[in-house]
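Okay, so subunit A shows up in both of these, paired with subunit B first and subunit C after.
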Partner chain A sequence: MQPQAQSGTVGINQCPLCIMEIKGDDRVEGEVLTCDGCSAELEVVGVSPLRLAEAPEVEEDWGE
Partner chain B sequence: MRKLDLVYTRLRTEERMLLDALRKRDCVVGLHQDADLVLSLDRKPWTDSQLVLMRSMSFTRSRYLAAMMEVKGSRVVNGSRAITTCGDKVQTTLALAASDLPLPWAFVGFEEDACVSEITRRGFPVVMKPVVGSWGRMVARLDSPSAAEGLLSMRFGTGSAQDHVALVQQYIDKPGHDLRVYVVGSAIGGIRRRSEHWITNTARGATAERYEVPASHAKLAEQAAAAVGGEIVAVDLLETRGGDILVNEVNHCVEFARSIEVSGIPIPEHIADYVLGVLS
Partner chain C sequence: MRPRERTIELLRWMVEQYSPSHHEQTFSRALAERLERRGWRARVDEVGNAIASFGEGETCIALLGHIDTVPGEVPVRLEGQRLFGRGAVDAKGALAAFIEAVELLEEHERAGKQFLLLGCVEEEVALTRGALHVREHYQPDFVINGEPSGAHAVTIGYKGLLRIELEKRSSRRHTASRDYRAPAEHVIEAWNALRGYCDEWNRERPLFEQNLPSLTHFDTRSSDAEEWATASVNVRTGPSSDGARLLSALASVPEVEVRVLSRKEAVSTNGSDSLSRAFKQAIRERGARPTLRKKTGTSDWNTVASAWPVPIVAYGPGDSALDHTPDEHIELPEYEEAVTVLARVLSLLPSRQAHSQT
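Showing the complex of A and B:
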């Protein structure tokens, strides 16, 4: 899933999967959040303007 | 104004909590996503801060980044030695064994027949783990010779040369849970991870319970942390039905989001205090 286009408001965008509106206040690039609409795990890929993408699959060497 | 750099892969609940705890202490935090970092292989400083809190959850990226940053003059927590050791279960086991800590027996083999023969000699069941991996992924219990032959055939018949290593460990018949002790400089508390399944990772659905860490367990965890050179680690302990305590694994990129509410241990606050103590 590609990051979706920005909406008209810098700090607000939509979930790329269910178009639920998501606010971007105090977000950081790389931050992971869960969509309240569809429970998808999303990653913040841009903050000004806010851009969201479906969080990538876990890599083989990720962990504790 | 105190300043440090925080390196992360994804800013999860854990990193958010750490960021908040550090900022609450008037610390300026430089945030760096590991994928964005491109560092030269030399001694030139890469930052104007003195300390790096390494929270990359990629073993590959974190060990190289920590090593490069150390050469460039940064104090990295956890450092490259701890990451390199903890990220490789063979190296972890060797470090723990070198410190004479109580462990499940384990062996390493490089060929199917030799491994099946050794497992048969020692007796079933046994546990086979990938040398690099986390969250209980690809950990298998081998209950029979046919299961061992099948899984070892896959182990040695797929992947590349670096995957063709079988780490086989004693199966411990746990009393429905294992224990995790958090070490942040010293032992600060722990959780009991309970599951009907023999794999007791919270990432695999085990539930966390509060666990009052006795002094003997705290000491063992601190010894395990020292053995791998870890400052902020989670030490997993196995309790046998007979009451013996064995060190199973040491984790260098401690996760706590699923357990902090139950444990009541303010782990991010401890980590913030610890790293700022290192800075001062």
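Showing the complex of A and C:
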């Protein structure tokens, strides 16, 4: 398994899906927030500048 | 992080040591000896767990795995990039990846941290004796539970498990007598009441929140004086399940005696704690979008959660659909990827020392 091309786009100071501007100085990497424009769940993947990507998918799995 | 020379030597050796539950001692001793030779401080504890530590720092990162497997040998063999063998996925893959990830770290990445490897016995049986023991003896700051999630996924929750026994006993009567009802009928009525309650609860709830009952054993017997029926029931529960209401559904059939054999609460994190964030960052750095999994099974996380109120997730290479199957195998590229992700996570986790300096 090799590193993959990053799936999805990353928005800088904006939602990567609807490009609505998103501000925030006190964010931490890995934090999940909801876009006010399109309600998408976004994850902070970088700060200064604020970089946002689609949040991880949450799956329900049968099994251990 | 130091560059890694790809090798399956450790993983293959571990998979070759057949160690079903209650028969882990040979493997436990051999693992402790091997870890000593690799520079860990290792021993076998009072209940047979293989315990090892690396580093002297104040921040304790527990790597909680299990050294037992379900019974049923799978011939160990390499087919292309696949290593077959019992435990390759569940969960010696995760245990080996823990060891190799710690050993990849540079000194500055280990500073202030102690890595505590907990190779527990009897995870695959109901009692989980190994985890019950370690939870009373250590107080880690972070816990990674070694179970297969896939290299680019993290398990953020396991359902709970309520194990119940039902019994109805009565004096023996002729089955043609007036108002006769066999003990089995009462037990089935109690089961149906539970099933009905769960069906109602589950409506419009996601899988992780549902109550999933299963009737795992049913038996009827009689002696000269008595006749009786017994049933064993498991209910896989969610974080908001109400155990008292589950039991009250059974109590609606008062003739049936209900015994709770064991109860494990569901465990979960919302993925925003520092440990989950480190995993998400490490996986994204590999160019992948992380997946967070909530599972219907249970693990040693359920056992330790109440005693260890610290960030916990489960992680390990492999496809859990192969757990307990005769086809159990691990993809070696995925194993390597998991070692890399784990090493990065361990380096990202903050130490108390770093906190106090900032």
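The working rule: the second predicted complex is superposed on the first by the 46 of 64 C-alpha atoms of A that agree within 3 Å, B and C clash if a C-alpha of one lies under 4 Å from a C-alpha of the other, contacts with A are read in each partner's own complex, and residues count from 1 in each chain.
The criterion applied here is as follows: contacts are C-beta pairs under 8 Å (C-beta built on N, C-alpha and C of every residue); 3 or more make two chains touch, one makes a residue touch a chain.
Here the structure is a predicted model, which means the values were calculated and not measured.
Visitor: Considering only touches as defined above, state whether A:53 meets subunit B (first), subunit C (second), both or neither.
Guide: The answer is second: A:53 touches subunit C but not subunit B.
Visitor: I want to verify the contact counts: of subunit B and subunit C, which reaches more residues of subunit A?
Guide: Of subunit B and subunit C, C contacts more residues of subunit A.
Visitor: With the two structures laid over each other on chain A, which partner does A:29 touch: subunit B (first), subunit C (second), both, or neither?
Guide: both
Visitor: Contact-wise, after the overlay, does A:61 reach subunit B, subunit C, both or neither (first, second, both, neither)?
Guide: both
Visitor: Could you list which residues of subunit A make contact with subunit B in one structure and with subunit C in the other?
Guide: Common interface on subunit A, subunit B vs subunit C: 28-32, 43, 59-64.
Visitor: Give the list of subunit A residues in touch with subunit B in this complex.
Guide: Counting only subunit A, the residues touching subunit B are 28-32, 43-44, 55, 59-64.
Visitor: For subunit B, which residues count as touching subunit A in their complex?
Guide: Those residues of subunit B that touch subunit A are 8-12, 16, 19, 31, 33, 57-60, 87, 132-135, 137, 234, 251-255.
Visitor: Per the contact definition, I'd like the list of subunit A residues that touch subunit C in the complex.
Guide: Contact set of subunit A toward subunit C: 1-8, 28-32, 43, 45, 53-54, 56-64.
Visitor: Using the touch rule from the top, collect the residues of subunit C that touch subunit A in their complex.
Guide: Listed in rising order, the residues are 90, 147-148, 151, 153, 156, 158, 206-208, 271-272, 274, 276-278, 280-281, 284, 286-299, 320-321, 323, 331, 333-334, 336-337.
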